[in-house]
């Protein structure tokens, strides 16, 4: 069976992770991507979580969230949130930050709070958690959106939970966010997006079977695509094997997986 | 042998300590006083130190300073200085604060930094340590000065290491110090001083053999003495016994004791 | 806020004494060490009008909201982290005002942590994550002063700051406590040390009561010195279905069961009837979980403490 | 600031690589866990012009000042805490400019802690103890911006704040470390967690090197995750004559010996010649202390870790 778009997204995300780095990994698919990367080409990454856990090796059991404390079994460090969010992330010691972004706009602003008016939302979502910190303070911020539906890519989010470039890179800088922060990459089932110097998202790479027009139609604004956009290599056999093993493991751990 | 003035000072200081309170105890004689109180009438005090130790019972060995870690043997809590100075002291959870004040002025300002000009001191002293926090943040602040020499009680200290009422209680309040802080009591070999509502020190109690005139002559300004000042009861036999045992113990631990 | 022995209370009695209708309280835990047993008892005693602060609300806050105990929530996240599936009651309350409308005020986890740190340390404010431009900076429901922006006096532009958060009351799950209230927690601590110290009154809910000599063996793990603590509740499995590090694992199946049932108001009612009201107390709840489930959840490796 | 194995260096090599003349460095310890072995090696290598930051300077800073290694000190306290007796070299330097003048800048311990916390957290400043009116607020030697006063944006008057302190380099005594730099300290931690995280480069001086599996047994005691650490020095008795919790006690007799000898410049010279130069390295120093003294100082009760 060839790889689904979702599986290819996981592989693409995992490939973005360089071995030997310190990663701040947020809830959900980012955790799965980091685990896959660790099993494939990045055994020496060190993962930190917002509650203060440092996970420096593959845990026997896949944690359902950073607060599923199987993540802390055999941890080298158990500290707290001030350590994680400021002493590790805010200090710039974390080299890559991976955050789920189920609704994300033109400037990389993420909404995980409310669709529709805040005081009477059409859909209420969980809120920030540490997501605001990941996007405000994190270096090499990589967003993950497992959807390719237009509803997930509005031109402007109804509520900015995790600030991207706000109305543009200038606005972010003016408000006191540090240089070097802000989203760099978005991984989704179509491929990879990057952000230009004005903070606007553009399509930078696509999976082989995805036509630029199809990709563009998934976004709620006329997204720019690079003329010479990259075509992503298909997952290798070992990559796909690991992805599927981990998806099976995740399912046992009550992860809800997208329909194939 | 009847009690020396120094011994009586220790007894007086110990008597100021009420059983069952949380005490922030500074370096040197305050530690000895708290230990004596604990052996006499205050077995249930809980002592906290600036490095984060909580000492809730008599340690077998007398610590030479709060950082002599025999103080931490059997401690119920070992935390850090942010805990001790802010979460315990600054929060108001500490009910009594005891600070050595070898040079102290009319308004309870303490100098442990430099005598003479700061940049070319006649006598250089250790500096603040946590003393500034004890006097800035501590509730029911009790100062201890083992000297009764006029040099130890200038009208105005050359350098304010631990702020008392500065130029008077009004100044302290204006600068943002919290209500309820500031020195309440000074214990010395002559007796006890208190502070009036303007923040000025006055003689409130004397040991029986000390004439008001002699006491007043120890201060570098015309100190006020209450008409009906209290005469302190002489140490009881059990008090003196404990004081002497602890002084012997302190001496073994290299404490330098005043000449008898 | 005193020394000496503290009252050792049953959960029933602790809720009765400390948490009347309308109480403002912070509840500890960050999707682990969530004292769900407390929420169940608040529901059994039919509390109304509570103002709940909780960094990660989780299933605990969802149940309190669904049961109509709460009018205000201050939080950074409310969801069922297994699946993940929505916190359905929380959604119903905010989307449809069912069972009744609630007010929500939000912070990011970092802002919550720093506000609690300022409260714990009794500092007048604390610089925090830059969040200007984020929704929770602009959107203020019942805490109009939850953020401010000041100029950095040392140069370098605007600085986002939070005021100190000082909850009137805190209930925190810990691993063990002694009769003096000295409370210990192992594993990650999240914001808990600050949160406990920020509280004006503090009740700890311990998995076990131990002798002070045991506390002395690991003084670094004491997250609240006894003098901060007003009462101790001893309640094994109090954090179920979340984890208690070294004691038991997250009960994924129970999270899923609750997630499924709470999809409808009727299903939620059934869950509450069956698991909260009919069980009578937390011991009853634990009995209902059954020996087999408990054995599965128990951490099997040897603890070092 | 990377993952992976870190260089395990001798003290000689660590000083050579990391601490050239003129280096700015913070040295860990607060009258316990003072890495005196580091000071001795700096003296052996005849460092000049160092800018030393240390919360509690103690005998360690006194020796560096007496040996002429230091031009600037940032501290909150410098004294010989056994007796107590003066830090004689420190006094001579400030009172008489011997062996040469030094510049001193002072903070209170709380201000130092909060400045390091701001540095550690990369926050632009931090509210601290009110110290307006105190000498160290007014008196500024080489850090003109060591304090500022801002208005509380939430009302309530002036607030004293400190800028973040971010030392270029830190050397910290810890109890044990692994090859990845994960460093653990038991007992009270003072300001150490913040101080280590505030450093741009960090070297830990461990009593013992242990396997990572040992580190994993007490993850709460890790005061610096390996990714913060640039190199590890393994040096037993590195903190003598101060305490190393669980390892050895404060050597009171040695403090007294040093206090007595250092009363005069000539006596100080003798101490340095005999105890620092003639011993060659810290192993030599420890040999000179002798088996009997070491046995007396060793903590006899069983450690729990």
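To keep things simple, chains are lettered A, B, C and D as they appear, and every chain counts its residues starting from 1.
By definition in this document, a contact is a pair of C-beta atoms (placed from the backbone, for glycine too) under 8 Å apart; a residue touches a chain by one contact, two chains touch by 3 or more.
Bear in mind that the values here come from a model prediction, so they are computed numbers and not experimental data.
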item	value
Touching chain C and also chain D, the following chains	A, B
B-C or B-D, whichever has more C-beta pairs in contact	B-D
Between chain A and chain D, centroid-to-centroid distance (C-alpha), Å	41
CA centroid of chain A to CA centroid of chain C, Å	27
Sites on chain B at which at least two other chains make contact	72, 75, 78-79, 82, 86, 90
Residue numbers of chain D (touch at least two other chains)	123, 149, 159, 186-187, 189, 193-194, 219-220
All pairs of touching chains, each written as two labels joined by a dash	A-C, A-D, B-C, B-D, C-D
List of chain B residues in touch with chain D within their complex	27-28, 49-53, 64-65, 67-70, 72-73, 75, 78-82, 85-86, 90, 111, 113-114, 118, 120-133, 136-137, 159-163, 166, 171-172, 175-178, 253-256
In the complex, chain B residues that touch chain C	20-22, 44-46, 48, 54, 56, 72, 74-79, 82-83, 86-88, 90-93
Interfacial residue positions of chain D with respect to chain A in the complex	1-4, 120-123, 178, 180, 182, 193-194, 197, 212, 215-216, 219-220, 222, 225-228
Residues of chain D that touch chain B when the two form their complex	30-32, 56, 75-79, 81-87, 90-91, 94-95, 106-111, 113-114, 117, 129-136, 139, 149, 157-160, 186-194, 242-243, 245, 249-250, 252-253, 255-256, 301
Contact footprint of chain C on chain D as seen in their complex	118, 123-128, 145, 148-154, 156, 159, 161, 163, 186-187, 189, 217-221, 304-305
